[in-house]
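Several structures are given next for inspection.
Each of the next two complexes has chain A plus one more chain, namely chain B in the first and chain C in the second.
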Partner chain A sequence: MKVKYLIEKIEGEAELEFDFKNGLVDNVNIYFPFYRGIEEILKNRDAMDALVITPRVCGICNHAHLIASVRAIENGLNKAGINIDLTQKAISLREFTLSCEIVQSHFKWFYLVALPQLLNLDRMKCPDNYILKASWASTNIVKALAIFSGQWPHASYAVPGGVSCDPTYEDIIQAESLVDEVIRFVENELIGMNIDEYHKRKEISNIKGDMAIIFGMLDKHNMKAKGKSYDRFAVFGEHPIFQTGQYNKKYSNDIDFAHIDEHPQHNSKAKSVTYKDMCYEVGPLARAIMTKNDFMLNLHDKYKDSVLTRVYARLDETIKLLVHIKSLLANLNVKELSCTLANMPKALEADGVGMVEAARGSLIHQSIIKDGKIQKYNIITPTQWNLSSGTQKEAGIAAQAIKGSVSIEEATFIFRTFDVCSVCTTH
Partner chain B sequence: MARSTKLKILWLQSITCNGNTHSFFSHPNFMTLMQKFEVIYHPILDSKYSLDNVINKKLTCDILVLEGAFRETGMQKADREIYEIAKSYAKKAKHVITVGNCSTFGGVFRLYDPESIGGFCFNDETPNEAYKLFKRKLISLPGCPAHPRWIGNLLSMILSQRQILLDNFHRPIEVYGYSAHAGCPRNEYFEWKVDSKNYGHKEGCLFYEYGCQAPYTHANCNKILWNEVSSKTRVGTPCFGCTEPYFPKKDLWHTNTLMGIPATMPMDVPRRAYLTITGIAKSFSIKRLNEPIIKYKK
Partner chain C sequence: MGKDTMESVKKLFTTQSAKVDTNRGGEYYTDLYETCRKRLDELKALPVVNNKLDFQETIMDEGLDRRDFLKWASATTAMLMLPASFTPLVAEAAQVMNRIPVVWIELSDCAGNSEALLRSDGPKIDKIVLDIISLEFHETLQAAAGHQAEKQLEEAIELFKGKYLLFVEGAVPLGMDGQYGTIGAKAETFKDHLLRLANGAAAVIAVGSCATYGGIPAAAPNPTQSVGVMDVVSGKPIINIPACPANPSNMVGVVLHYVLTGKIPELDSLLRPKFAFGYRIHDNCERRAHFDAGEYVEEWGDNGAKNNFCLYKMGCKGPMTFNNCSIVRYNEAVNWPIGVGRGCIGCSEPDFWDKYAYERPMANANIKAPTGGVEKTVDEFGLALLTAAGIGIGIHAVASAVAGKKNSEKDA
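For the complex of A and B:
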């Protein structure tokens, strides 16, 4: 029996076409209906225009697009023999702002998507309190981001050679106090304990606060072990707290852009992506697996790439990032240069790739520049990795994870554990 | 339960990145504000009706908020053209608010197919067919994205029945009557014509070389600040003119010049006046403006 379902509030919409057999989902096709043509829009524009246009791919992960875009230009400059050496200050500021955006996105996913969807299973309405929490926490963390980037969403403060801002210690103090506020929120509301205590946890059941609520609900609805896919993971973007590489039965730190292929899909405007002809999961779970911490390894041994590990990984990453960005600010030296490249070379010929870890996983921009103008631009988003229907050889990551679901409600929740973003998927 | 007497808001998206939705969600009093209204539909909040209900049932709303660019055909949701859905709600709504540059003028996404994609009531500067139908109730909040306060305060002003003065593009004058240049901390460098030498410095004006459009862009960004703390020019990024119908222009990081002088003049400033002032200002060299503001000790 085929059932069509319009899934909404996922940064746009998607259509899921389920094939039920004996009451279980046997197959699912995922259609993203609308293409906006960002890559086409960029053609023949000045190379730097990408820093302004590409953030407009996505209202929730725009900053990741900016960073991917500037890395693509810098990679092209380096390959063209123009050496780009960023100062530690510029590296740290980019890392700080990018991490703030990831945290913002994870808060929204948890309080606006994950909890309300599970409440829906019990026919309960999302309490205003969750929206308030999502708004308060995300507003404060993007405020810290904006101190350096000028605004959120849609900043363009990362420029080839560094960043355009020139912060004072007073700016840094203000950002630190905002991060402290958000950490206090995490301690009081999200985990119900202080961070030191959280670090000593032995079991998921030790965690309190709102995180305990979601684990309780997953338990109640018998979903902890559901949503398993191929247990294959990839991390492409460099970030000091994430290890790049891939996992497919065994770990490898080798990962090469050259093995990535995009494939058009029937009826969908989104292309699927493979690495060495296989689908890979990207995102917080992939990053957690590659980083190999003991807690995660134990959880993974027991539950593999299930709903529980995926949900846990996203929430745990929120806390890790907040701790990390505090140390970035503490060590920031304002005396260093913000930007080391005086001017973009005239009539630049360059071909570069920029890879970055965004909230939903590895984001890749490729720009080919001729005579200073963009000749070709290609964007591969995290959600293309996770949310395609698949290839001729195998179902996509989420499509595989949904197989065996007992209902549309369960299937769409599993789908949402990947943190769906429709606008990114098609771009 | 008594029927709600709150004004009903319906937030409908067309060709968009959701930037305005997320911008507005960063409003520091988001919940307090939204609780004053009945939200019929919203793209990220749990709302009373589903998108399918919005599209296939005839609901009513007092305030229609539109986000994203439009095309007459080829942008469907649940098998219906979203442009037609928007028009049918706009006919009955008391107020139509276009948030963001896309729904107002067409914005970034118009560039993909300018023949068929535009704003709801304007294609760039030109009023279109829908403008004739809805001009009496239209309020434009262009910006990429619109500032959370522009959206929040406009909704509150509608609620409290305040007078809302509008300009030619139906932008509220209390917001768009200012230039983005007003309140920029680099103003002294503009006055004395001291260029920014490179990215990454507090000092210098970005108008001469780096494409800053703030002096001729209608917006109060540097008055009310983004996320309550900052703005593009405060962090050394030029203003890209995102509240204007021609956004995004080409070569966003470069100033077009005529004989070494910016080709576009600050709002309403005659070229002759600008040249005179520039000549005088440039004949002086102000030492303080040619040095770093802060000299940290090694």
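For the complex of A and C:
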């Protein structure tokens, strides 16, 4: 029996076409009925135009796109023999803004998508203050981001060689106080305990607050161990609190852009992506697995890449990042240079790759520049890794995770644990 | 450098760009006050469209008090270019906004305006106001999803026929019979969806550069043949609020104006509200003094950058861009692009993606520099192109001096 189902609230729509056999999902095809042609638009433009155009792929992870396109140019310059050494200040500011963007996205996913969807399973109306909570928390962390980036979404403050802003101590104090407020929100609302106590947790059941609600619901609906895919993970983007590499039965820190392939999909403009011919999961769970902390390793031993580990990883990462960005601000040396490359070389010939960890996983930009103009630009988004229908050989990551679901409600929740975004997938 | 170019540069920096009538005389405002008073009383008698959030309660939840609210009301009154005596009316209008049904749809976009306007931006009260008015019908924010949401939308446009404000985010792709973007289970194309919803709307408000001019999807070679709302919808009042993303204050301003007066605000010939797009970024820029003093950033990270000098030489498009960012700023007004040392990219101007884009020198940017009043700006692009940023700057020193002289002559 074939059933079509529309998924909304994902900044666009997705259509899932289920194949049911004996009451269980046997197969699923995923379509995104949307296309803008951003890569076509980038062709033949000035190399630097990418910095303005690519963020506009996505209203939620626009900053990750900006950093990826800057890194692609810098990588190309380095390969062309023009050495780019960022100052620690520039590195820290980019990291700060990138991390803030991940945090705001996770808040929105949790309060606007995941919790309401689960409450809906019980026909329970979602309390309106979830919307206000999401709005309050994401507004404040984005404000901290905008102090350095000028605006969010769609800032363009990162330039090859560094950043354009030159923050003062006052800016830093303002950002610190905003981060503190958001940490207080996390302690009071999200985890129901202070961060130190959270770090001492032994079990998931020790966690309180709104996070406890979601774990309780997963338990109640018997979904903790559902949603398993291939248990393969990849992390491409460099970030001091994430380890790059891949996991497929065993850990490896070797990961190479050259092994990535894109495959056109039937009926959809979104391409699927493979690494060494296999589908890999990217995102908070992949990052948590690669970081190998004990709590996660235990959870993974027990539940593998299930709904529980995936939901937990996304929320835990929110807290980790907030703690990390606080220390970034505390250690920022404002006396360092903001930018070390004064001007872009004329008639640039470069071929570079920029990889970044965005909210939903590894985001990759490849730009081939000839005579200062973009010859080819390729954008590979996290949702392409996770949300494709798959390849000839195997089903995609989310498609595999959905197999065996007992109902459409369960299947769509599993789908949403990957944090769906239509505009990125299709671009 | 040719004489034409020299003249045009002079003209660019000497013409008073602000031709917005901010004082229309006592009689006008007395009449307007009466009209607004009557309108608000009528609205108060109407049932609440959306009772999910109560304005007063929500303000309390956010830890704001009446004083914050009144501060906001007086700032908004000024933004709408109304006399201070209208402040109590604006405050009242904010509280009856939930009598105005709003439908918000997303077409070919990146959802950036939704993000900016509804969840991540705006002086606090703007955001609350937007949360309240748009909760019911905004796809991402409303409680319902899937078929339930579709049903809700259909009911809303039937029930509020002729009364609702339709907010549109995103461009309309016309290529391939509209198959580049479809919506709902019946795969209705974005164009058909827009036309159907616009048909029953009181007015259509295009939010962001995609909805106004086609935006990034319409950038050359425009793979999906995307256009803006005004290229597709006819026979309805259309208001354009460009910028990428559009500023929430301007959106709230438009809605408030409609609540207050029952009419759409005064527009320029690109259908932009004059209260927000009547001035150039350059006119009120915090770095303007450095421009006038000839102090520029010449390279990223140089001394000029450290001292917040003018970004004109780095390709700032502030002198060509009509918007109120320099006053309203972004993200609860914490900052704005020029504040972090990046020039304006002209994101609220038509075709910015092809003409302005990055810090491309103006000579390569095919810019027609605007001068004169707002209407003049868009209708009579009479200026020659600037030949090169560097030369332009050289000339500017002369032009500034001339400007100073002219003004003092006039004064005398």
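Note that the second predicted complex is superposed on the first by the 427 of 427 C-alpha atoms of A that agree within 3 Å, B and C clash if a C-alpha of one lies under 4 Å from a C-alpha of the other, contacts with A are read in each partner's own complex, and residues count from 1 in each chain.
Here is the rule we use: contacts are C-beta pairs under 8 Å (C-beta built on N, C-alpha and C of every residue); 3 or more make two chains touch, one makes a residue touch a chain.
Owing to the predicted nature of the structure, the values given are computational and were not obtained by experimental measurement.
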Clash or fit (per the criteria above) of chain B with chain C on chain A: clash
Which of chain B and chain C A:345 touches, first, second, both or neither: neither
Which superposed partner A:36 touches (first chain B, second chain C, both, neither): both
Touching partner for A:135 - first (chain B), second (chain C), both, neither: both
First, second, both or neither for A:168, with chain B first and chain C second: first
First (chain B), second (chain C), both or neither touched by A:334: first
Clash with chain B, by chain C stretch, listed 26-34, 44-52 or 62-70: 44-52
Shared chain A contacts, counted only where both chain B and chain C touch the same residue: 6, 8-9, 11-13, 33-34, 36-38, 40-41, 45-46, 48-49, 51-53, 56-60, 62, 108, 112, 116, 125-126, 128, 131-132, 134-135, 138-139, 142-143, 145-157, 159, 161-166, 174, 337-339, 342-343, 423
Complex contact set, residues of chain A against chain B: 6, 8-9, 11-13, 33-34, 36-38, 40-41, 45-46, 48-49, 51-53, 56-60, 62, 90, 108, 112, 116, 125-126, 128, 131-132, 134-135, 138-139, 142-143, 145-157, 159, 161-166, 168, 174, 334-335, 337-339, 342-343, 423
Residue numbers on chain B that touch chain A, as the complex places them: 13, 15-23, 25-28, 30-31, 35, 43-46, 50-52, 75-78, 108-109, 111-113, 144-145, 198-202, 221, 226-237, 240, 242, 248, 250-254, 294, 296, 298
Chain A - residues contacting chain C, complex: 4-9, 11-13, 33-38, 40-41, 45-46, 48-49, 51-53, 56-60, 62, 104, 108, 112, 116-117, 120, 125-126, 128-129, 131-132, 134-136, 138-139, 142-143, 145-157, 159, 161-166, 174, 337-343, 423
Chain A contact footprint on chain C (complex, rising order): 52-53, 58, 61-62, 106, 108-116, 118-121, 127, 131, 135, 139-141, 143, 145-147, 149, 173, 180-185, 187, 215-217, 219-224, 226, 244-245, 299-302, 305-306, 308, 330-332, 334-342, 345, 347, 353, 357-360
